[in-house]
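Chain IDs A, B, C and D follow the sequence of writing; residue 1 opens each chain.
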Amino acid sequence: MIVVISERATDAEVETLIKGIEARGVSAREIVGEEKRVFGLVGDVASIDAEALMRNDAVENVIRVSEPYKLSGRHFHPIDSVVEIAGPGGAEPVRVGAGNFLVAAGPCSVESEEQVLKIAQDVKRSGAGMLRGGAFKPRSSPYSFQGLGLDGLELLKIASRKTGLPILTEIMSPEYLSDFERDVDVIQVGARNMQNFTLLREVGRLGKPVLLKRGPSSTIEEMLMAADYLLMAGKAQVILCERGIRTFETATRNTLDLSAVPVLKKRSHLPVMVDPSHGTGYWDLVEPMALAAAAAGADGLVIEVHDQPSCALCDGQQSITPMVFDALMRRIERVRAAIME
Amino acid sequence: MIVVISERATDAEVETLIKGIEARGVSAREIVGEEKRVFGLVGDVASIDAEALMRNDAVENVIRVSEPYKLSGRHFHPIDSVVEIAGPGGAEPVRVGAGNFLVAAGPCSVESEEQVLKIAQDVKRSGAGMLRGGAFKPRSSPYSFQGLGLDGLELLKIASRKTGLPILTEIMSPEYLSDFERDVDVIQVGARNMQNFTLLREVGRLGKPVLLKRGPSSTIEEMLMAADYLLMAGKAQVILCERGIRTFETATRNTLDLSAVPVLKKRSHLPVMVDPSHGTGYWDLVEPMALAAAAAGADGLVIEVHDQPSCALCDGQQSITPMVFDALMRRIERVRAAIME
Amino acid sequence: MIVVISERATDAEVETLIKGIEARGVSAREIVGEEKRVFGLVGDVASIDAEALMRNDAVENVIRVSEPYKLSGRHFHPIDSVVEIAGPGGAEPVRVGAGNFLVAAGPCSVESEEQVLKIAQDVKRSGAGMLRGGAFKPRSSPYSFQGLGLDGLELLKIASRKTGLPILTEIMSPEYLSDFERDVDVIQVGARNMQNFTLLREVGRLGKPVLLKRGPSSTIEEMLMAADYLLMAGKAQVILCERGIRTFETATRNTLDLSAVPVLKKRSHLPVMVDPSHGTGYWDLVEPMALAAAAAGADGLVIEVHDQPSCALCDGQQSITPMVFDALMRRIERVRAAIME
Amino acid sequence: MIVVISERATDAEVETLIKGIEARGVSAREIVGEEKRVFGLVGDVASIDAEALMRNDAVENVIRVSEPYKLSGRHFHPIDSVVEIAGPGGAEPVRVGAGNFLVAAGPCSVESEEQVLKIAQDVKRSGAGMLRGGAFKPRSSPYSFQGLGLDGLELLKIASRKTGLPILTEIMSPEYLSDFERDVDVIQVGARNMQNFTLLREVGRLGKPVLLKRGPSSTIEEMLMAADYLLMAGKAQVILCERGIRTFETATRNTLDLSAVPVLKKRSHLPVMVDPSHGTGYWDLVEPMALAAAAAGADGLVIEVHDQPSCALCDGQQSITPMVFDALMRRIERVRAAIME
């Protein structure tokens, strides 16, 4: 860690600062010759909070030489991780990461047994490896449909048992931890909860696969620190998921940041999936962005599929039909072959 | 609600769409003469999800004629709300809103009894009406200090009893709801939890004053919908708090959006406070931004005050000293007088 | 165009507003039954400035039913445009758009005859159809290297004549219009000049192919209006180029908005190229983002290629080497085949 | 300048890098003891392009110890600059900076002699020190009104002569440099041209006062580098102007970044004005934001004033009336007195 001293700082302030730093068992070595006073900190700098240090009045700038995340970083674990997901009953587990490509597909919201089962069968036939579906729905407005809750979870289980597909669904509250532990194969921590640190800790303790979605205003660095919250209990298997960030552009619901895929793959050993449905908000952008994600090196996709595209009000309007999904799956396969040759 | 039909939509698709809308008891009237097919929806449009509708393939655009929030809006409650905050023991309640200006001040993190008490006494002497202090700290990194927790709450209570100042502190988990209900005068829902809908609902049920901080990537509209989550149980008293949004600018920690103050005052009856400490991240920006917030019409301020500015690593580096705070309070008073004359 | 009246507006204000609108030969029809007063404007609404109207005190909201751009829009020209670029001497023209995929490659800055020629020969051998290179360089700092100017242009011409590749280079000032008209095959209007309306008009009058880069804070709609400035003289052939937008994320130099590709293809008939070099700022992100752009349906790529990757200070550090470029070109071809099958 | 070496860099790459740096007459000293290889660069580091260096494959990070701007910085000129503006004929010059507060007011667009003169007289009576008005208008759409051009400039001159107020108006093209040199007292470089480096250089050579508006996606650092372009000829007097940045928030036209005021005052000696009209886009936000800007320490304001608020389509809808302006001027004076006591 490098500390640049402000020109307004008095000698006494610098002395106090350096003493404070050295009290943490870290030594501070001045770099002679620079225009300004600059110190390199040597030792266990993990105990030093760079952001707090930067706000010290005597400090002009701080540079971290190491990343602020650990368990999710490539330094900690240089080889690509594979997350193995147990299926229902005696079904074969599915894998994601290190060359294993996984597509999770299904309706945005679970509506009825018939709907979920029909879509699950369709997407399985087309090659999806996991069933996604919302039971608990985070909604900006308290007046919008909030999902079927535990009843929705039951419907997902039925479709899972009948198709052999494992389930991916979002948890919104620690209240349902034991339900999710028992019934859900991959627990999704949604974008709005990416920095709900209490929830991260508790989900991490379950030791189940977790899909962590990037917050709409979260940096890649913050996402990896959030993954570290999940990994701290030493048990979780984490999949990262890019789903769009909030920018000034209004032509799309979010701006899908596909460069996050190679950046995450470089910095972290965790598998990286992409959600082009929430990432764009429009069904006709799902195919080009799904193909682009595959070409950029993603380990998998999360795609909303709905069988009633003309339904007026359901959230499935960023969804594609099973037929479009089927054609897309073939193209994805060809793109994956193209980049691996 | 106005619905503009896509030029690519077939007659059959439009018919299905309109039937779907009318199935909700809303009638759709075509506006004749427009270049495109445009429908005005008449009736109980609250049951229509504009965002979902916009993603319907036959729809090009949707315009909401009413706001998506209700309980927090001026339509619902045209007169400024006053939030009354009970003090410890027999202390006089303090008020915020409708001309009542309230300054909450105190350390970022609670560290020791001596520290909190000293600062509480200092800020009270300068005119603060509430003691703020962090017991549970949301931190991006799991390796940073996470606060003293319930022990920190105890220290705040001691300082509160000795000074008569009510307490403002942040809740991070439903786990501690009963502790906060019993011990905390104003419960803060932090920026990262602004869309933690489960927490909002549960805190709203307590019926205590709540300070709701704006999420770093939340629009003003989303903030008011989050306030509606708090208000739905019919009991909460809500204070809104602008604390900076995330932009591309890195010279400040966040970009303090002071225009949110008059926008919120226009749209909502709720009191609006501003946090210039987190909003800027640098202690020397706190004074100009605090004065600017008062001039823009804010109903109060949340300010970090710390007595050891030269401490190397504490989070208090965006804090001002009690002496600077004292001078600031006098200036704030003069600015408030200046704009009200 | 739909106009929603503010509830605070008096009848007199509404009357004045409607008269002002009808004075422009547009009729305003009230939509009866809505909760609020809503008017549909019928007639030549192109003469109405929606943004100005929205700021009228009596107006709460305005919805445009038509797009604000014309000449660049699909309504105006439903079929994909092809831009044909004349090569040097008797060389075959190259094409971009409507299935013609074009890669422009070359050094960020032109440095010497030997450098440009060497790189031009290398990229031609790998399949590039155009030589890109900076002669005039827009630099944030006045203390940075500003390019070789007209001397750089001469070096590009030599390389162009020797390889048969047409030249793409950036114009920064109307001062050099005649030089660019004479010597440059595709004139680039850079991101910082996307809304330099004087330059757009003058370049548009030349009637040469123009590559218009998206401004770092420009919406897709603004980009298409900027293209209309170029197209107004009735002569220009315009290629659009996505090159990253400015967001809060700092892991990349810009956030490459690949969803802009299908959105632009849907709204406009103009060819769309992508610049993954400036769009990411890091050479090791160029390959995955180039492949992703091709998969998303781009009509071409602009890629920085430099033969001295270990040079300490040249701008070519977001460049890839000719060898990496060669392998990339093969992969791009395979990805393009994969999505078109 | 501090350079952190990537862990993937080979010894040979580091050697090449260091040689490249030392070839510029800068010495690179390794900081021993750090976890990673870190070098401090000593000497004339101005010749080193930090951004290019950061993109070198062997480099993980670069920290600038000095600011990238010079002439506009406080290091170069520690005392507040005063910009003196000559008035028409023998009128007293007006001043801005170092305690001199200046308000420029007038119509967004110049429409007629009667309009400009009437408004100029009104704002002068209320205490404005300068007349602002648009003759050349930068418009996103080529179909919007582009201003009266040189005819508008003539009207401004008439109003200036009759009131004694100097003129502030925007230049859009080098074509009119001599007209502006002769007729305009303060030349405005608009937000969209903040990085039009050619225009900056040419305007800087005139040696007249310049008002430089911040680009909607420009950092404070970039703004000061743009000011350096103006100052390089050694003649210009520069006033900086905050006018809002582009963010995700749509409740306002831009997000007025008032914290830029104290940040600019700290880093630069140049006067800082604020434009709350363009900065918010709504006339009813002009007053609170103008007062807030004054409280934050701005040296002046640029405010749109229009006498026909009910005009349907003019750009003046973010304008306030002369009467509202008059009351605002009194409040601004009181706020300025309040913060200076």
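Simple rule for what comes next: contacts are C-beta pairs under 8 Å (C-beta built on N, C-alpha and C of every residue); 3 or more make two chains touch, one makes a residue touch a chain.
Note that this is a predicted model, so its numbers are computed, not measured.
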{"item": "Centroid comparison with subunit B (C-alpha atoms), farthest chain", "value": "C"}
{"item": "Cα-centroid distance, subunit A relative to subunit D, in whole angstrom", "value": "39"}
{"item": "Rounded Å distance, subunit A centre to subunit B centre (Cα mean)", "value": "26"}
{"item": "Centre-to-centre distance between subunit C and subunit A (centres being mean Cα positions), rounded to whole Å", "value": "31"}
{"item": "Numbers and ranges of subunit D residues touching at least 2 other chains", "value": "217, 246-248, 250, 284"}
{"item": "Chain contact topology (line, ring, star, complete or other)", "value": "complete"}
{"item": "Touching residues (chain side subunit A, partner subunit C) in the complex", "value": "217, 219-221, 245, 247-252, 255-263, 266, 279-280, 284-285, 288-289, 291-297, 331, 334-335, 337-339, 341"}
{"item": "Subunit C contact footprint on subunit D (complex, rising order)", "value": "13, 16-17, 19-21, 23-24, 46, 48-49, 52-58, 68-70, 138-145, 172-175, 192-193, 195-198, 215-217, 222, 225-226, 228-229, 232, 246, 281-284, 309-315, 317-318"}
{"item": "Touching residues (chain side subunit B, partner subunit C) in the complex", "value": "2, 4, 27, 29, 31-36, 38, 40, 42, 45, 61, 63, 65-66, 75, 246-248, 250"}
